[in-house]
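Take a look at the following structure, please.
Chain lettering (A, B, C, D and E) follows the sequence in which the chains are written, and residue indices restart at 1 in each chain.
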Amino acid sequence: MSSPVGENRPSGPRELGYDVTETKTAGAPAGTDLAAIELRGVKKTFQAHGDAVAAVRGVDVAIGEGEFFSLLGPSGCGKTTTMRMIAGFDEPTEGEVFLHGQDVVGVPPNKRDVNMVFQSYALFPHMTVLENVAFGLRRKGVAKAEVARRVGEMLEIVDLKGRERRRPRELSGGQQQRVALARALVNRPRALLLDEPLGALDLKLRQAMQVELKRIQREVGITFVYVTHDQNEALTMSDRIAVMNDGRIEQLGTPREIYERPATAFVAGFIGTSNVLSGTVARAGGGRAVIEPGPGERIVVPCDAAPGEEIELTVRPEKIDVRSDPPAGDGCALRGTVTEVVYLGMFTNYNVATSTGAEVVVFVQNVSSADDVATRGDSVWLSWDPRHSYVIGA
Amino acid sequence: MSSPVGENRPSGPRELGYDVTETKTAGAPAGTDLAAIELRGVKKTFQAHGDAVAAVRGVDVAIGEGEFFSLLGPSGCGKTTTMRMIAGFDEPTEGEVFLHGQDVVGVPPNKRDVNMVFQSYALFPHMTVLENVAFGLRRKGVAKAEVARRVGEMLEIVDLKGRERRRPRELSGGQQQRVALARALVNRPRALLLDEPLGALDLKLRQAMQVELKRIQREVGITFVYVTHDQNEALTMSDRIAVMNDGRIEQLGTPREIYERPATAFVAGFIGTSNVLSGTVARAGGGRAVIEPGPGERIVVPCDAAPGEEIELTVRPEKIDVRSDPPAGDGCALRGTVTEVVYLGMFTNYNVATSTGAEVVVFVQNVSSADDVATRGDSVWLSWDPRHSYVIGA
Amino acid sequence: MRRRLAPYALILPGGLWLAIFFVVPMVVMLSFSLMQGDVVNGFRLTWHWQNYSDGLSTYADQLIRSLVYGLLATAACIVLAYPVAYWIAFRGGARKTTYLFLILLPFFVSFVLRTFSWKFLLADDGIVLSPLKDVGLLPQDFHVIATGFAVVAGLTYNYLPFMVLPIYVALERVDPKMIEAAQDLYASPAQAFARVVFPLSLPGVFAGVLMTFVPVSADYVNSTVLGGTNNTMIGNIIQNLYLVNTDYPQAAALSFTLMAILLIGIFLYAKALGTEDVLEVATR
Amino acid sequence: MTATVVEDGSRTARRARGRWSDRLLYAYTWLIIIWLCLPIAVMIAFGFNDAKGRLNLTWQGFTFKWYGQLFSVPDLTTALVNSLTIALIATVGSAVLGTLIGLALGRYRFRGQGSLNLVQFAAISAPETVMGASLLSFFVQLNIGRGYWTIVIAHIMFSLSFVAVTVRSRVLTLDPAIDEAARDLGATGWTAFRLVTLPMIFPAVLAGALLAFALSIDDFIITSFNSGSTLTFPLWIWGAQKNGLPPQVNVMGTLIFVAGVLLAVGNAVLARRRR
Amino acid sequence: GVKGQKAAPPKQNDVQKYWAGKTKHGHVNFANWPLYMDKARTPLKAFTKATGITVTYREVISEMPQWFGKIAPQLQAGQSIGYDLMVVTNGVEFTKLKELGYLVPLDHSRLPNFAKYAAEIYRKESFDPGNVFSIPYQTGLTGIAYDPAKTGREITSIQDLWDPAFKGKVGMMSDPQEIGNFGMFAIGVDPEKSTPADWKRAAARLQEQKSKGIVRKYYEQDYIDALTRGDVWLTMAWSGDIFQQNLSEKSNLKFVIPKEGATLWTDSLMIPKTAENPVDALMLMDFFYLPDTAAKLAESVNYVTPVPAAKQAIEADAAKATGADQKSLQQIAESPLVFPSDADYAKLRHYRTLTTAEEKEYNTTFQHITAG
């Protein structure tokens, strides 16, 4: 299910609030459309205890200049391995890696123009913040004054001015994170690879750092390749997301594409909560199929199924409306009984047992606080726009 | 700001979906209304390096039989210390602890009829799952056959049948967590104390375990005292929540009370996201004050402020509506410009710069996917029901 | 590819050193143990297995005595060291390192010198016994030196820190939460110790035994300095056979016999303890 | 409820539960420490004994003269110098070789690792008598005469594994990503080792080296097998003891002791400051 | 296997072959027993003054078998043992050194003092007839030393070493030959004429002494330390040691020749074949035969000197001295322990010469006791 190279590459201002146009021109030589990073048919097999473990089974992807690109997927799906092949710590068993159009297979990490931010930060504990950040420049033989200037600038950007002489252990988790970022960014790499850079932080700090990271990326305009297994993080920050599973990319697209139109059942299940309903098509026509589980009930699905066919469809919990009387119009309508109401502050979670046999989860935003839409045991009607019923892969 | 003893104790079926009535009668001797756990004026001061550290500054609380009670608060606020005084690992410097009506100050932990689940589980690494779970019963001298029966039953409940012979390190994090739970529950304690039992798990597993824990509590009907610093966790699971800060309880109430009517600025800030607006009262009357930041704009606040008074109010992001034209009626209305739109799957986050000077965050549930309510740079109107403007502490 | 060779490059010098000066000598000694002859007429490899049986029968007393002394001293070390290690690990607080340092102080004085120091302290007419004899508390011919007790005590003294350290390390690793968890589950403090703390510290005891039992059983300095006519240990014999009698075959055979017995003992002990991987514990 | 109500009078007592067992353990620990240090105290004291004859057995008055005549027993001085130089060479040698092995064992998985571990385990736990004897057999077989350098060889041989084990356990706790980070930032393999890995494992190398030094300077049994006619401090004491140890031995023992203590304390202070 | 190196007896031209081209280096390393020269090393200073050769003197020998075990491997490897001159007792070790060819044949043309002053009996000792490899340094006896304050009575007999009253307070020697001899005396056998059957009986007697806990320990040279400390009250001892100990420690120890007899031994000077400074060593050997040197040595160690002319020298010294010194010098000149009469010699017994084959049996028999 991996997308052909470049197919999904963004070609203008993103639908997201973040304007990346400026950074694109800043980061890449004008007039070229070379991808910052390109993987072609990349596979990686490890030999472990005599067994061959296929960590990456074939990845094709092109990441544009200045893009915030996320790799999202469950533990062990090959995210880190993909990243390490870009950085040069592992060499692909098969396939090619291009950095700005140049094949870099065989080039050692210290000769690649990308830098990495490790999950554990991997700060040098015996060096001060300053020495950590200056490390890369010094290795490149940059002049002393220049090093000082650039490090100073970078510490400004990550808001660590005044802590130059501290050692990593004397910093908080968030500060350490920023040192790791500065240490990589100060080298002005073609691309920055971040492997779950927020994985070790607690929720509050994590959220704060997400905002920070995004700000910094916009400021420096460098391509970010971001690994996470946290879907919220990926949705919040990315221009595009590649959802990986078992060594392959299952879907590649903008956050909205991935959330609203998951290409596979895996993606649907991995991103957000989904209700899965199934039934036999009663009527069909005009690109729509209708299931009628009971009197007055109907599930309308935009698909080409024929009557009598058994289909399976998906609806997101927040798309569903709960009401006490049957909805008007010809949208989807389903009757059920509330089995569970959990108040979650911003919204309330209702579990509704429906006549299809499936228990449907509904999220209702708590716009009004006084009264709940329904309580446990209530008989209710669920309704939603047929556009939100989708058949996976269709 | 701590509530007087018992004041907030639930006295009937909770507003929550969880029905706790059955467990109440199961857990407590019928006819008594003794609290399972009661703290009266409890203070704890530690001597550290010659300094006196006041960890708990005066806590009064009564926790009912069969209740799921959470202690929520930032790191270092005294949650663990409070818990340890209930379990008997620390003795209060002042005040009394009652377990089911009996003063237990001075009673060692092994003589208290409560059990604890530790954050790190504290499983005995040299014992099998079975030995771990049987440990407490054996210490109490329960007959062999009885031990076997009860341990078997408990392992069934926590879904660990068939792993009796494993050692803790051979189990996954979630399984270890369940062993810890079983080890405590099998003793049928009066109350179970859980100190951030999910703190070490990753997000996905954490969510799964929340559901599991809640199920088990309902099944066994034992009082749970639950410590967490994760607000979502507390909201999801608790019958009542005590929000602690700096050694004191700031607010005690149901999740809804705490979320919708935070008693202090601290609580409001700690639970969920809040917008804070301020302005000068233009008109007042009928228990309502109105601020008029600009033409056609008004913020209505249910409070007794007099005209000319400067007031500060709070609105939750999900209570606010975004529209392109001014709202009708006499609700709150505020004009602003969208500065940021972040798509978050279930909902979209809008940042709106308003004429009050404050940037207001609005969460809009993504009921319809086709079009965003607004895009960056749009001029919009925000509106909300005056009931949702509240002045903290009022 | 270079990565795959890297570890070999790293271990090469040290590995060679161990191979040439430890492994090969062991093999040479093994070959010696099967030779016959003497320095004057030379030694020839005749696969003379009798060296082993001769050694065993001639020096059975010393061999057994060494093992008994080794066991006694090791046991004494455990009994004496455990409470100290326990106290430092759980109650040492901020002074932990200071206490450990005090325990290690004797190591800054030569082992031989320390042993002579005891001989001096406990001399028949020395500063401890002499006053007691003078006031008639002890008979004139009472003595401590030149007894088995003195040898075992000396061994215990010299190796005690080797027992304190590993037990301390193991106890230090025991999460205090374990004790609380046990008490929470109705264990009295004594039960919490017996069922949780002690079993968890066993790897430390094991490491301590490994570090004391072997050297103690093979020691000869203590028995020479503090022992009498009936306290000769197998170490003395081996040393004598090598350095005095130059009877290399017999010495080599005895050395191997000793080593085999000690290793078998260690493995049996490890088995009994349930330590799955002896090497893992030992080389940790 | 298992808890029984206790009368109010003992309330404060109940709040602070008794700790008599702690006090007992505390006293016991000090007793052991005193026992351990007693011979040292005696050794130091008799370095100040104004002994008149050949034997330094009974207290005959206080004097500093032995400190003045510290080097008046020429062989003793030679032996001490031998001991010190041998210990230094052996320390450096085993620190270098052991560190390399420790790095390999901690960082890589490779064929032969098991055997290397086994050999090291054997080298650590083989009885000294056996090690000394086997090395002697080896030298005898090859017709290599014993002396200064055979002692050095033996000392490196038996301390090497201790250094390797110490370094290995430190390397195991290192985040491998740190080395990769250095490479990622443009450092070559050697630069990464020099600037990043070595400084991080240095405390372990130092600890291992100190251990090696202590083992070497104190070794008697293995040395006695392989010393030929070269004397070290322990060997000299052993030989000289037969007709009474001169007070200079106490003085030198005291000085070595004090130096060792200062070294250890200095190291600890340094480590604390570095932290 | 390791080659044996049994050497053929030296032929006449071996001496020339060895000494040809050897020159004086101005330095010599001398290995000796403790308590075998005064603390000031007077004879050595005189030697340096006379010849310009400096001497490194070390008291590294305290028991014969140990010393042999220590040097044999080096000598076998053809390496220096660190000494050019050493003092070795007659007995199995000397025999082995000789047979293995580890000793330098002496060039008697360079030993004029020996030729001139050595007593006749020392020129034909059975262990080295013709002094091919060795010339005597001192001879002495092994008897019993005791602390009368502790024993509370005179000690006169070997049997006193078996007295249960001294349980745990008796010292015996660990050298198989020394202890074997005493065992033999105890059962009334002349050691020199003993048979393997006698060894067994003697060993049984010694075993009994050990089993009863009478023996404190089996000592080398360190018996003297134990005696002085009070660890033992009576012990086998070498004659001169007691004299010196009394001198230096102001102790009141006594030495007796037990009525059953005592052994006479000879400690000889010899040059190991790997010596680096043989010429200087040979010069020092000869220097000890100057009557003056011999006298100084006898005055300080109180062993039997092989130079009869030393007696006059001591008497001359006594004449010059005054008071207590004079008295003690006179005592030395008259002491049977320094200048035994022929009658004295008759009472003394000699070591039994053992072949390599006998040695093993002999050693096993007695080591079984001492290495208990």
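The rule is short, and it goes like this: a contact is a pair of C-beta atoms (placed from the backbone, for glycine too) under 8 Å apart; a residue touches a chain by one contact, two chains touch by 3 or more.
Note that this is a predicted model, so its numbers are computed, not measured.
The minimum number of touch steps linking subunit C to subunit D comes to 1. Common neighbours of subunit B and subunit D under the contact rule above are A, C. Shared contact partners of subunit A and subunit C, listed by label, are B, D.
At the centre of the protein atoms shown, by the Cα-centroid criterion, sits D. Centres computed as Cα averages put subunit B at a distance of 94 Å from subunit E.
Remark: subunit A and subunit D have CA centroids separated by 55 Å (rounded to whole angstrom). Subunit C and subunit E have centres, each the mean of its CA atoms, that are 38 Å apart. Multi-chain contact residues of subunit E (touching two or more other chains) are listed as 2, 70, 73, 76, 229. Residues of subunit B in contact with at least two other chains: 108, 111. Annotation for subunit D: residues 57, 136, 140-141, 241 touch two or more other chains. The residues of subunit E lying in touch with subunit C in their complex are 1-6, 65-66, 68-70, 72-73, 76, 96, 99-100, 167-169, 210, 215-218, 229-231, 356, 360, 363, 367-368, 370-372. Residue ranges of subunit C in contact with subunit E, taken from their complex: 35, 37-45, 58, 61-62, 123-126, 141, 143, 145-146, 227-230, 232, 236-237, 240, 242-246, 248.
Interface residues of subunit B facing subunit C in the complex, by the touch rule stated above, are 87, 89, 108-111, 115-116, 118, 120, 122-126, 135-136, 139-140, 183-184, 187.
For subunit E in complex with subunit D, the residues that touch the partner chain are 2, 34-35, 58-60, 62, 70-71, 73-74, 76-83, 220-222, 224-225, 228-229, 245, 248-250. Residue ranges of subunit D in contact with subunit E, taken from their complex: 52-55, 57, 75, 136, 139-141, 143-147, 228-230, 239, 241-244.
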